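Chain lettering (A, B and C) follows the sequence in which the chains are written, and residue indices restart at 1 in each chain.
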Amino acid sequence: MKLNAIKQALAVIAPEALAEAEHAKKGALLDVTVSATQVVEAVSVLDKEGFFIEAITGVDWLGEKENAHKDAVAAAKKKAQDAGKAAAKKVADAGGDEEAQKAAQKEAEAGVAIPAAPVEPFSEEMEVVYDFNNFAEFCRVVLRTRVPRSNPEVPTISHIYPGANWHERETHDFFGIKFVGHPYLAPLLLPEDADFHPLKKDFHV
Amino acid sequence: MSLHPEVIRLLIFLVGIIAFAALNAAYLVWLERKEAGHIQRRIGPKEVGPFGLLQPLADGIKLMTKQLIVPAGVDPILFKIAPILVMVPAIMSFVTIPYGENLVARNIDIGLLMIFAFASVNVLGLLLGAWGSRNKYAVISAARVVSQNVAYEIPMLITVVTLVMITGTMNLHEIVMQQQGGFWNWNILNLAASPLMPVAFLIFFVCMLAETNRAPFDMAEAESELIAGAFTEYPGMGFGVFFMGEYANIVIGASVATILFLGGWQCPFGLFPGVHWFLLKMYFLIFTVIWIRWTYPRTTFYSLLNLSWKILIPISFFNLILTSAMIKVF
Amino acid sequence: MSAFAQTQTNETFVLNLGPQHPATHGVLRVKLVMDGEYIVDAEPVLGYIHRMHEKMGENRTWAQFMPNTGRMDYLHALAYNHGYVSVVERAAGIEVPERAEYLRVITTELNRISSHLLWFGAFVLDLGGFSPLLYAFDDREQILDLLESVTGSRLTYCYFRFGGVYNDIDENFAAGARAFIKRLRERMPMYHALVTKNIILMKRLQEIGPISEEMCRKYGATGPVARGSGINFDVRKHEPYSIYPELRFDVPVYTEGDSMARYMVRMDEIEQSMRIVEQALDKLPEGPVMAAKAPKIIKPAKGDYYHAVETARGSFGVRVVSDGSNTPYRLKLRSPTFSNLSLFGEACRGMLLPDALALMGSLDLVIPEIDR
């Protein structure tokens, strides 16, 4: 089984990063998150196991932490409301008067902690996603790495997979992610003098 | 003051030849388009005139009214002289071709030699045009044309030498006269002289395709590789003259093949010899040339040279030796 | 090629092949460093028809992106439809009625045949043979008429919907498809006799433009290019989707790796696609063509999803990242020819110009799909 072999091999590099995915729901079998410095090592392992490269792309997670915080706050507020209502109902059922109900509700609401806002300056991140697959047996492995948005740098893998050359150039075009060691990181799809990166979330048409 | 009748005769023939060459060039385009159309399950030109017969006229007007652009950076003299260098030798070659027993502008003893001498100038025209255009595609095309013509002139001339050994003359009129009688007297079936005569005709025909840059040997133009090869930079009538020269060369090639191998104006059954038989044979050959073009893909440049140097030249040499041996023995 | 290596000098020149050149089938430009007619180095220059479909995807709703999918690979638009609806259905958990899946496969395979036919004609045109193109177009026309009757368009289809297809087929379509298959079956031997077995064509393709298995792997080449190099890789078998597991068909694989092998793979694929269409028409179940419960507004759960389909040119994958809203957060389109073309620079090194163009033709390039 390719999957087991590659799991064992990748576990050496990043033991806690492996996550098996369900093909019917996600489309991949293995989802691996590694740090930027581990990318070359992980890709070499995939190369040794006979995988072919499907694609490289990026995802800009601008505002991810803020959004996550907003979501968490909203969830906590809802939880507090629910808890307050439940407490009030309990008091009402027990025959308590309106004031007692309100007091109980307030108490219950205060009991739920609202998550604190992320401490500034927090680092915004971009993600680089590598898709690998195998000719002999279906085994799509998704390799992910996160880089800081202010200085997005990932080592190139174009010396291992020459096909990655264009994919990395394209990702550089769209996201401005620098692939350190890439032989020719000039715009591929964008005009040759392009100094913008259209898939960044703060790029507006 | 009266002109010498010979001068008048020559003038009439000259006008006739130019008209014949131009008319042929125009209407062979029509024939080519019609034939290609029918090979490809379509009708071909049909809008201009009955059966699209006025199409060449319309094309000609279009080409002539186009602006003659001389691109920046070209060699203006070579660029302008090249189409003429292709067209003029082709018309010159018509002078010696006997279309009927008396239908020849100048019956020269070395007619055959003259045709081949002028045929070589055509290559020079293409080369100069391509070089003068200063276009990389054109230069690649020119290099191909020259090596292709050098390669194909050899088997062609060896075959012709074989034929001259058999006929003993270079006078085209006489060559035709020798083939009198019926199709069994034609050189293509002159098995007594050499059993390889049909093969020799085939070699001649293939070489003719290559010499006139026709598919599957159209390396010079090769539109899917070299855009339009040597003609890439030529606008309007500059291109038109090249085009006419090309068709005139095809007519000459087919005419020479008819004279050398198919008995010229002689009838296959010995009845009513005349110009109609010549034209019939010639147009049949031209038809075949067009037919081949629309059927086969293009060969590559190196397999083309391989074919010439490794197959055609050895066979034609063998034929030459065989023929000379047979002439000596019998 | 060893003779070439010996005579190589520094007298090279740069030849610009394109962006307007008859052999590049669109606005591809290849910068060739040439030594005479030998290619020293080749660098494809892309982006002349780049439209940034991925950014467009982020600015419109999930459904609004559908028409874009038909405008990338305009020759096999339905497969692109299929890839995109599949990934959204996977993300949003939409069930598709069986009849709809059958219709998707029937139309996609007919579209595949039309794509291969056009490639066949255009490829022989690249080699200088004009006539096969018009014969292939004649056959292709029949498919376009059939597909027009059901999808409403002839080239840039937008026929699939999340949860089904937009229109059911009628009796005429089924009869027409069967009649077309019968007709094409009769014409395939003619194509093989006139083109495949033509000595000039064989000489131009055999042992020309070899691509090794290892090269396909390193560059991620898929589709007929990989199958011509002996790799048995077809997404329809490898990672089965839709109703392909229920249909019987073979994956043609040739081990030579030359242009002829790629040519043969595509010609055989036409036959296999005809088999698939026939079987699917036979098995076509009754029922609705649109899921009753398909939501009008799609809001897939957070997360990222991938789905690959086999197009006429190889494996097309869509990765979508959803943030739970009604527009995609990120949409990645993995187009097969992008990878297939990336190996051209290495594969054509040391070749002659006409052979390199034969190799380029055998890669079956559709430029809008490379540039997206």
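Here is the rule we go by: a contact is a pair of C-beta atoms (placed from the backbone, for glycine too) under 8 Å apart; a residue touches a chain by one contact, two chains touch by 3 or more.
The shown structure was predicted, so the numbers you read here are calculated from the model rather than taken from an experiment.
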item	value
Touch-based graph of the chains, sorted into line, ring, star, complete or other	line
Chain pair with the greatest number of C-beta contact pairs	A-C
Chain separated most widely from chain A, comparing mean CA positions	B
Per-chain CA centroid nearest to the all-protein CA mean	C
Length of the line joining the C-alpha centres of chain A and chain B, rounded to whole Å	71
For chain A paired with chain C, centre-to-centre distance based on mean C-alpha positions, whole Å	31
Geometric centre distance via CA averages, chain C-chain B, whole Å	44
Touch list for chain A against partner chain C, complex	23-28, 50-55, 57, 59-60, 67, 129, 131, 133, 135, 138, 140, 142, 161-163, 165-166, 174, 187-191, 198-199, 205
Touch list for chain C against partner chain A, complex	46-47, 50, 52, 54-55, 58-59, 87, 90, 216-221, 226, 231-233, 238-239, 303-308, 315, 317, 319, 321, 323, 329-330, 332, 334, 338-339, 342-343, 346, 371-372
Chain B-touching residues of chain C, taken from the complex the two chains share	13, 15, 21-23, 36-37, 124-131, 134-135, 138, 194, 198, 200-201, 203-204, 352-355, 357
Sites on chain B touched by chain C in the complex	36, 39-42, 136-137, 140, 143, 215-216, 218, 222-225, 227, 294-303
